[in-house]
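There are two complexes below, and they share subunit A, which is joined by subunit B in the first and by subunit C in the second.
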Partner chain A sequence: MNIGTRKILDRSFTAVGIGSIVVMALALMIVVVPIVYNGIGAVFFTGTVEHRKMLHAEFKRGDSQELSSEVASSNRYRAKIYDMLTGFEAELETMTPEKKAEYQAKYSQVRTALQALLGPLPGDPEPMLTRFKYGQTRWDKAEEKLHDLLFESKWDNSNPNVMSKEYFVSRAIGFEGTSLVRLFPYVKDNFENMLLPEFTFYWGFITDSSVDSHFFGGIWPEIQGTFFLAIGAMLFAFPLGVIAAVYFTEYAKPGFLNSMLRSANSTLAGVPSIVFGMFGLAFFINTMKVSESKSVIAGALTLAIMILPTIIRAAEEAILAVPKTYREASLSLGSTKWNTIATVILPAALPGILTGGVISLGRAAGETAPIIFTAAVSVGSAIGLADVFSSPTPALSWNIYNLASEHEAATQLRHVQYGMVLALVTIVLLLNLSAIVLRARISKKLKC
Partner chain B sequence: MLMTTDMRKTSESVPVQKSTREIYLPPQRSSITGGGTAHIAAKEFSIYYGEFEAVKKVSVDILSKYVTAIIGPSGCGKSTFLRAINRMNDLIPSCHTTGALLFDGEDIYGKFTDEVLLRKKVGMVFQKPNPFPKSIFDNIAYGPRLHGVNDKKKLMEIVEHSLRKAAIWDEVCDRLDKNALGLSGGQQQRLCVARTLAVEPEVLLLDEPTSALDPKATAKIEDLIQDLRGSYTIMIVTHNMQQASRVSDATLFFYEGVLVEHAPTAQLFTNPKDSITEDYITGRFS
Partner chain C sequence: MINKLLQLVFLLAFSVTGTADAAVKTIVLDGSTTVGPVAKSFATYFTKKYGIRVTVSESGSGNGAKSLINGSCTIAAMSRAMKDAEIAAARKKGVNPVAHVIALDGLAMVVHPANPVRSLSKAQISSIYHGTITNWKDVGGANARIVVIQRESNSGTQDSFKELVTGKSMQITGGAETQSSNGAVKTRVSTTPSAIGFLGLGFVDSSVKLIAVNGVLPSVKTVKNGSYSVSRPLYLYTNGQPSGPVKQFIDLPNTVEGKAIISELGFVNR
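Let's look at the complex of A and B:
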């Protein structure tokens, strides 16, 4: 090959390499930026007076005096709306039955939109669900609801050959000639005065339990559940994995059985996680009966089985990478095999073993499928340490899935979902970071 | 034994011999059978790697408190023979032996031999310095701790004593808690010697201890061997014939697994009996 071709090959290889790194970085940006942006929105947002009411009622947080003065000022503006409503209701009674029926339907839509915006109206019965007890707690959501109040959504399906199109009609037009027509400009103009938006740092998102399946409150039960499951899995898998790796590398005699065991271990590492979930249900809960039904311990055991092969492989590689000379030196000093492993081989292999362990810990924290059948529930409070043997727990991974697809109000709770995703990503990132720091410190100690 | 100590005294009392290495003469020992007792004895001893016979029917007596050098071309089985003495070859699964190799009259490869106890008595220093990735103190204290010494004061005593014996105490006494891998190659090798001495072995096996070192560090290791002479039975494998002639009392010459010649060093280098030995020491092949 002549020198020209060689140089072109070298350069094009460099270009392809840089290109793939750029693509990777872009993909990462596209994934991470929305997660971070929207996730932070769960903690830092513009909150309304309804949010502060909710915090005070559900979590006993906030200054009562300040809140009552805020509520009083907000109610002053709201009172006028309520007056308009009662005025219109009186007007309805004077109308002809046909007209009354026509306006009644429109009016009940307006009432529903107002309830969603400001919470229960005077005269409404006390709602059963907490989600209906308060108006919009977040300013961005409130603006959406304001739009719903001002405009009616209609679908244009006049042309059967194209998809129907949504368009908006002002509700005010529908009430032309009645007293209620004044309501819409009034709400629009006094919107801020009614909801009193204020920049809010809701740290409770991390430490609070959720209220009414994630409509209000935080994600502490999920975070705690994730920690319980991941650390529980490590408690089982890490010692077992390291012992198995020591057996494979130091004690097992090379032969058919040994190579079978090794390839079985590699195969296990590639089994889809949902299979481990089914296995956990069938083995730990139905056969072993470690608990009556779903429980943290069953989930942790299932996750442990799932990450075991990875830990074994990582520990094996780390042990094999320890120079043979350390072993010789130790043995030549009259050390037994076990002593050599415990005092020389394992300490020297520790950085590699730890790396494998923490990668597995991150995986255990993030896996959804294995805990669906064995440990996870969608709504629940934080459980005590004593309950891990009997009760299931919410966990971040499972609740993200649940909020994204199965929750009855999935579209309204995107901010909570993003908050959970950010929390999970942060936890895994912190775990990996701690592994890197730990590894660097031990390696430094081993080198000089 | 008595003769050995006398020799050392004389060599120390003549300062010229110590300081200028070129004219240093090895102590003349005319016999490889008298003056000491056989510490290690091989009888028709062979070592196989699988089918391959690496050491062939060697019979030899290694005298107590002597420095014995093993020379020979690459692949002649000299390292294999050395490593057989403290059973380091056990690490190689296909390795097995026939014949007898006796240490203090007991068969090293006997059915009931405790190789751990054997290795405590037969220390070894390897070709490449291999300190543990621990502090200098922990390196030296590793062996004594293994054998049950846990008293901090006692350990410190052993560490200082061993480092002094290995002539490295002055260089490391102020940084015993620093990682041993921070030392230079020559220092590391002397540290390895000190580590071996700390378990108080009777035999010191040196497997090409200076082949990875520069001349200055090599000179220090050789001085160290001179210092240890008479206190331990020392066996040293070396590629360097000058080194063998400088430090040893007796020399074994191996060729293709066979022990060709065993003679007092002075005699082997000046008046070899075998023609292959002569070809080798005169540099006709290597």
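Let's look at the complex of A and C:
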């Protein structure tokens, strides 16, 4: 090959390499940027006076004097709306029955839209569910609801051969000639005065429990459950994994049994996690009865079995990477085999073993399938350490799925879903970072 | 080192005593995703009022029954009655399932709001799910292929749908798409203009359009007075007659507060 072709090949390889890195970075950006942007929106957002009312009533947080003056000022503007409603209701009574029925239907839609915006109207019964006790707590959602109030969505099906098209009609037109027609421009003009938007840093999203299945409040029980499960799994899997790795590398004699065990271990590392979930349900809960129902302990044991193969492999590699000379030096000084393992080989292999461990910890924190049947619930309060043997727990991975697909108001709670995703990604990232730091510190210690 | 070990022992001992305490204080609910919203709101209310922890899992009616049979839940939430086979399996394990109806629920047929079709007969719905009608223009709609959405085999809503609309023995077309919860069906239908699916009435919102079945639109009123025929009771199952806190929980639908929760969620009080 002449030098020219070689140069061209060389350059094209570099180009392909850089190209693939760029594609990878872009793909990562496409995934990570929305998560971070929307996830941060769960904590930093423009909150309305309704949000501050909710915080004060549910969590006893906020300055009650300031709040009551805010509520008073917003109520001044709201009072006019309520007057208009009463006025229109009186007007309804004077109409002919047909006209009344026609307006009644439209009017009840207006009331529903106003309730969504401002919370219960005067005369409404006190709602049982917290989600109906307050108006819109977030300004971005409030703007959407304002649109719902001002415009009615209709579907144009003039062409029977295709699906209908959506278009919007101003609700004000529907009330032309009645007193209610003034309501719509009034709400639009005084919208800010009624909701008092203010930049909000809601740290409680991390530390609060959820209120009324995640409509308000935070995700602390989920975060705590994730930690309990991941750390519990580690408590079981790490010692077992290291002991198994020591056996494989130091004691096991090469032979049929040994190679079978090794290939079984490798196979287990590739088994889909849902299989471990089913196994956990059948073995730990139904057969062993480690707990009466789903519980943290059953989930942690299931996760432990799932991450065990990875820990064994990582520990094995780390032990095998310890230079032979260490072992020979120790043995030549008259040390026993066990003593050599405990005082020379394991400390030298520790950085590698720990890295494997922490990476598995991250995996245990993020897995959904193994805990569906063994530990996770969609509603439950934060549990104490004493309850891990008997109580199931919410956990980030499962609750993200539950909230995004099964929840009755999944589309309204996108900010909570993104907040949970960001929390989970951050936890896993922090765990992996701590693995890197730990590894660096230990290897530094070993060198001096 | 010994100190640490002692600490661990203390911690474990503390945990064990904690367990004995917690056993009485926790109610574990498992089962239907349709009953989910009611169960979750009841749980929140109950915990607030009585200080007794209630955990709710939404894994499907079939799973709820299995959990009750295996003794791994206190209450099974189901959107269908227990099948004979399940009752037999329960008896074999010494479990005596007792049904409590908590609310009624209309099984609403839903389409995308862009779909001009307003009404279907039960026979038309059966043909759509059987696969003999595959285009909306055959039932008075636009010229578009029907995307049929059903629930998983574990679902009580699926069983109720077959029982109430298509008949138990009918084979649902292989082209039907399976979604695993009411929420997932709603999301799929609200994003697919040519889709049809079925939901518990409590899950319906403005993102999907209700279809009148045999000329009657599902609503709280029509379900309650029986004119909307595709409706079913929602159950909570316990092992034997409940007592203590479990009984208090089961009795919630008979209280004013419980009734208010049910109707605010869009379900139908008995």
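Going forward, the second predicted complex is superposed on the first by the 443 of 448 C-alpha atoms of A that agree within 3 Å, B and C clash if a C-alpha of one lies under 4 Å from a C-alpha of the other, contacts with A are read in each partner's own complex, and residues count from 1 in each chain.
Convention: a residue touches a chain if its C-beta (ideal position, glycine included) is under 8 Å from a C-beta of that chain, and two chains touch if they have at least 3 such contacts.
All values reported here derive from a predicted model rather than from experimental measurement.
Peer 1: For A:K445, decide between first (touching subunit B), second (touching subunit C), both and neither.
Peer 2: Once the two structures are laid over each other on A, A:K445 reaches subunit B alone.
Peer 1: What is the contact status of A:Y326 with respect to subunit B (first) and subunit C (second): first, second, both, or neither?
Peer 2: In the superposition, A:Y326 touches subunit B alone.
Peer 1: Going by the contact rule set out at the top, does A:A348 touch subunit B (first), subunit C (second), both, or neither?
Peer 2: After superposition on chain A, A:A348 lies in contact with subunit B alone.
Peer 1: Quick one: is A:S293 in contact with subunit B, with subunit C, with both, or with neither? Answer first, second, both or neither.
Peer 2: After superposition on chain A, A:S293 lies in contact with subunit C alone.
Peer 1: Contacts for A:N339 in the overlay, against subunit B (first) and subunit C (second): which applies, first, second, both or neither?
Peer 2: So A:N339 only meets subunit B here.
Peer 1: Can you tell me whether subunit B or subunit C touches more residues on subunit A?
Peer 2: Subunit A has more residues touched by C than by the other partner.
Peer 1: Touch check for A:Q65: first (subunit B), second (subunit C), both, or neither?
Peer 2: Neither partner.
Peer 1: For A:T94, using the defined touch cut-off, is the partner it touches subunit B, subunit C, both, or neither? Pick first, second, both or neither.
Peer 2: Neither partner.
Peer 1: Following superposition on chain A, which residues of subunit A contact subunit B and also contact subunit C?
Peer 2: none
Peer 1: Contact residues on subunit A for subunit C in the complex?
Peer 2: On the subunit A side, the touching residues are 125, 127-130, 132, 153, 155, 157, 160-166, 211-213, 285-286, 292-294, 372-373, 376-381, 383-392, 402, 405-411.
Peer 1: Provide the residue numbers of subunit C that touch subunit A in the complex, in ascending order.
Peer 2: Against subunit A, the touching part of subunit C is residues 11, 14-19, 21-23, 26, 28, 30, 33, 36-37, 39-41, 43-45, 47, 53-59, 67, 70-74, 112-116, 137, 141-144, 180-184, 186-187, 190, 193-194, 202-203, 205-207, 257, 260-261, 264-265.
Peer 1: Would you pull the subunit B residues touching subunit A in the complex into a rising list?
Peer 2: Within the complex, subunit B contacts subunit A at residues 86, 88, 91, 93, 116-117, 119-121, 123-124, 126, 128, 130-133, 142-143, 146-147, 178-179, 181-182, 192, 195-196, 199.
Peer 1: In their shared complex, at which residues does subunit A touch subunit B?
Peer 2: Listed in rising order, the residues are 254, 323-336, 339, 343-344, 347-348, 445-448.
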